[in-house]
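Have a look at the structure that comes next, please.
For reference, chains read A, B, C and D in written order, and residue numbers begin at 1 within each chain.
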């Protein structure tokens, strides 16, 4: 049907690879720096934001291509995207710190387009949580050349691992002759936790010289490399925090100069139960998608006011959709749900842009709408994060990577 | 929110969504001039023309002039559009996977004109204009097949050439798998038999087919009998009525007499009620037997997928007495041994000339590209099809035919197999399959002889619409 | 179809608490004045600082006039009054949505609806005040649905309209549409043969039908049963001399189907794709019930929008408003915004809410606005249109004199994510007060309840109509781990 | 000298009984040299198993037997991927890294399957290790007659597709597989060292475009040369491939292959990438390779490009361009006489010559039919 072909036209628009000079003309500019504009212009050139000025652009005489929308924000940043293909995690060992998830990514996968449609321009891609220490995650743009290397914002950005039952799920003791390695992997929460401690101590006491992952663990323990630990439930959150405090306090680590690890709790659904613990230990968290009926994975319970609770307790937090392609689960909607839970708009905006950017150490390039930063921009049809508002265009590094197509008015975005 | 809406209305360029149907080329009056017009295989007119109007071929000759305003198409070779008698293009993937159909299940209920247009266009560009599609090609019973046109966006009547072209069954064993060579295209889930059938399964499958046919036969007989009984009954009733009117007095006397006799004999008098004679009961309606009966009666052909010699032998034996049954064997990898009987009983074989490799040891021997040639030279009528599983395969029917030719089938036999031969076997020869006045205008214009891989289709005309031109 | 006691009980405890929080609920005489900052009537312009009077469960006036002494007054200048949302089709709220009898027009969801099901509680919480509960799609011809209110202890309390329509499915998992269409057609042919046999037997003076009727517990001599009636409706096929048959002698298994063919009952025909739509419309025409047909769409059914428009039947859209296709050539995903198609083809469409507690009809309407459907049309698709489709247009869908006294009191724009239902007035009674809603606190603030697990994981009613399989409460978050393309 | 008119030759091989090294002349209507040249009514002189002369005005040497062919004469085709003669012997499933393994040693040169290849006009085949491990060892190029070895080892096989992965042994992940491959080249020994030095080309087994990307990056990092096999859409990355200098083996394109894939092959030609065709015999029919080429030609690939992919360029990719693949003085006499246009599937190899020896004339009968038509 030509219906599709029309939609295709819209897609093909998103194919031009050259960064263009844009003038973006909106009713609202939400910079994420607290300084917002009514009726403003955002100018883009050479893939960077070149100016943010008030004005309606009528008198504007630049040769730029003009895009009009209701609002513009910085491109969204999702610090919790799961790479859901099983070939992304090396299960022949349960601790594989040195393996790079970047090597497993498919630049042609459809997930990138889905993220672009949702306004997400930067993600932290992490392996499936089948390993205790899964490896090195990568921060990359969702739109760009069809090569992971060319899209990477920060290689080896964080060390990714998991607490809880997921790394031990499916493993089994061997009765008689073991048939595969699943029989020598941890089968309990405590086994998982022990693997962590074991890896840390071996590194501190230098018992793993041969281990290709040692260098990575050293960097992590010295705090040069943030450690993202998945921990859905209170007990796992506590375990993670206590593990860190143990590393900070034990002399072995001090002696080796490896007592300053930086932890980030990922998928902390039950963070609302012990905000003080997180506040006290200054542990930032990444929240999982909001469940629609209370409980979510690991049978944890996530209250809709969790974001507000953390905000009030002064715990830095980011929201995440875990990379869902579903319309109602997209990151923008997660921000909306957080607002439904009592969070203010500016805080919601920060939780999907500047905060995750900071947690990933890429705040110098993305996360806010400021002159000199990457031209990663999202154009909205209305007030961002409202279900009645959609992403009408996504720009990555100055390239229009997604142009929404409107069933009713044709092009969703005016030029 | 209100402001947003106002803004939307204000700012959004009101370019229409343009959700119109793909523009289907209109029917035209067309005069096709060609160096060679293949009316039907073996009958070629040189320097001839074909006149098309209102979707029909109105004239074929060597001295036709273009009427006023007619579109003129020049070409070297012209022949009827190819028919793929064993295709999956046009029927929904769910139907292709169907495993529980009955004789009365209609493929036409599973047609999908909404998807795979890109494959239709490719097939048209290769010269294939129509195809027989079949629900449940892997199932024991696939029900009624249908012949459809491949041009996208046709209205139902034009899309469907025949909504009951045949009855389909398989004799237990699925087609040979082709290794990497067959790629089932997206959205098509083909479910063959859950396990590789053993010889007993095959025998059982053939028995099932034969007994089904028997049931259909009995049903047919019962129906005919019932028709006669009914006639007799109505006649009898009519007579009695007449008699009663005519001889009312006599009847009255008789009655009184009978009454008296009864009283004398001290018996209870019983009135004779001839009208109570039961009206003969019609045999219970059974939709499946209805269809089987039609097949037994030769009103629709019965296509049976059978590969192994044992199945074919059993099938031929089991259907001997069914004189009017029009059997077609599909697959027939090992039909060679029965070629003589097939030829003698005029049972066509629908061959799948697929270059299959050695996937299972027995397959290479079973499936051989020379099959078509061998059967043809033994006098068996040959049809060629693309296998009925992968919608994309229909495009390559001409190439498969080419392989059959390379391995011994004559070009004319091959061409017949994919045009008029297929049309005859599927009871659509009155509409498609050859270039004759009165038939639907499904024809192709080529830059070389048909079925040569290096020949290109320049124009494809489907029911009077030019659906392929060198430009598009 | 029996209720599973375990869940019923733990449900009961909670619902009991739920009822007790609204004493007004039993103020039956219900003379009520609702004074609010804004009234969204959906029947003309919004009214600022207006008052709605409800008497005897009906709206008697809507306007800006001052107080009335004789009515109990709810005064919330900070709130907005909004008519209840209407769910045109739902397979939830039942003990089990499917019965594994292929042709069962004689079934009635009445026997399966569970008044204390959490689904209805959620509906109230989300402001959905009328739900057309239909059985699931695991059938050829399923049972009769029923339009209910999300409040009431018995099904009779809840019922707005009994036997609202038959479920017909032209799609069944693990079965091709062709085979399914065959099954549906067979059902109608059986009906016809049954009727013809009745007539024939009557001619031959058999009384089997009569005996069967008695056996089924119908008295064929009761007056309404005694009189025969010639076949009505406009089916292309007719059974002659049907008037010779006392209606009471028509088999109860066939009777609802006869009513459908005679145009006295609606059909909700489930189509999981464009192919099914073609079959659905054909079958409806063949049996003369096109005029009382509603298509419940899913999958790529929108591709048959032209045929639907031509047939002029209304549709209920799948909860997923964006249909994602793979472009056959590039392999890229192509999103199609389904409501946009039907709007353009001028087909009346109603929205269906997602199977979740959080994203209800308001969310669907909002999404439509996001994709460019004018706000009033988007809202109508979840209020007026479904009300009309369910033949309840005179009672629901707007705040107008004479309509049912169903009012939502919202703390903001009806389509804003930050807005929530503060009070629900149903038939003039306040039946919901968010400030006392236990489960809201639990979901919003994580206040654990003793039977929390039952509340959260026990969404046994949360059923996908297509598979009949139960999606647990964690389905949505599970979706985020969907396998990569 | 008595001319043997092929058209009337009987279908049995002894009909033309030549001493393997006795001079033989073939005069054909069309001669495709494989160098892109097409000669009309040209003659090819063979002796000692090699081609002595090619041309339109060649004096037929004394005592040479002459074959007149009213059709096409081409070099024999070369199948670039398969396991003929070594079925089930091309991978040790318990070991995923076995670079030193040599398929050439597992080969049965007299396997019946070679006959099927000869009959189809295929005179050499590249027998390759299975892709079910990280590396299955080295490939070998052999003739389809008596297992005559043209090149062994021909390539070192390196697997970048998910075929190398398994759920219950290392590696289970792409990253794990890559780690193993990197380990192979950190301090390369044996064949790895040869590959590193550029002496031994590599056979990069890929499937998806992402695999191609990973393989190209790997080749660049370790400065490896060779060829990519298995990716349907490799043509869509022809830009990057052209930069890398690698060649491409197009996997078998079956009935119904998507247009997109065929277009991708055409792009290989446009961007000047050397490519050949794989066959994966015996799992695929010997005619499948010519079928693939024919599909591409119908979709717009140049006729000569397609044919060179089946012969000359295939020889290049297999590292035997100096021995076979073209009709040129000094090369092995691996030839094929066709009943008609070799790219028309309806025509057939009517006489196949390997090393100067006629090895198959199964097509003679149908050739006769053709010429009478």
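Keep in mind that, in the parts below, a residue touches a chain if its C-beta (ideal position, glycine included) is under 8 Å from a C-beta of that chain, and two chains touch if they have at least 3 such contacts.
Since the model is a prediction, treat every value here as computed from it, not as a measurement.
Think of each touching pair as a link: the shortest run of links from subunit B to subunit D has 1 of them.
Among the remaining chains, B is positioned farthest from subunit A, on the basis of C-alpha centroids.
Looking at A-C and B-C side by side, the one with more C-beta contacts is A-C. Centre-to-centre separation between subunit A and subunit B, using Cα means, comes to 56 Å. Between subunit A and subunit C, the centres computed from C-alpha atoms are 39 Å apart. A straight line joining the Cα centres of subunit B and subunit C is 43 Å long. Between subunit A and subunit D the centroid-to-centroid distance comes to 48 Å (mean Cα coordinates, whole Å).
Contacts with at least two other chains are made by residues 259 of subunit D.
Multi-chain contact residues, meaning those touching two or more other chains, occur in subunit B at positions 1, 4, 8, 12, 17, 19, 21, 114, 118. Multi-chain contact residues of subunit C (touching two or more other chains) are listed as 303, 329-330, 340-341, 344, 369, 372, 374, 415-416. Those residues of subunit B that touch subunit C in the shared complex are 1-2, 4-5, 8-9, 12, 17, 19, 21, 92, 94-95, 97-98, 100-102, 104-112, 114-116, 118-119, 135-136, 143, 186, 279, 285, 287.
Residues of subunit C touching subunit A in their complex: 303, 320-322, 325, 327, 330, 332-337, 339-341, 343-344, 354, 356-359, 363, 366-367, 369-374, 415-418, 420, 442-446, 448, 452, 455-457, 459, 462, 473-485. On the subunit C side of its complex with subunit B, the touching residues are 175-179, 181-182, 186, 189, 193, 204, 273-275, 278-279, 300, 303-306, 326, 328-329, 340-341, 344-345, 369, 372, 374-375, 413, 415-416. The residues of subunit D lying in touch with subunit B in their complex are 113, 251-252, 254-259, 280-288, 291, 294-295, 297-298, 339, 341, 343-348, 365-366, 369, 373.
Residue ranges of subunit D in contact with subunit A, taken from their complex: 162, 165, 167-176, 178-179, 208-210, 213-214, 217.
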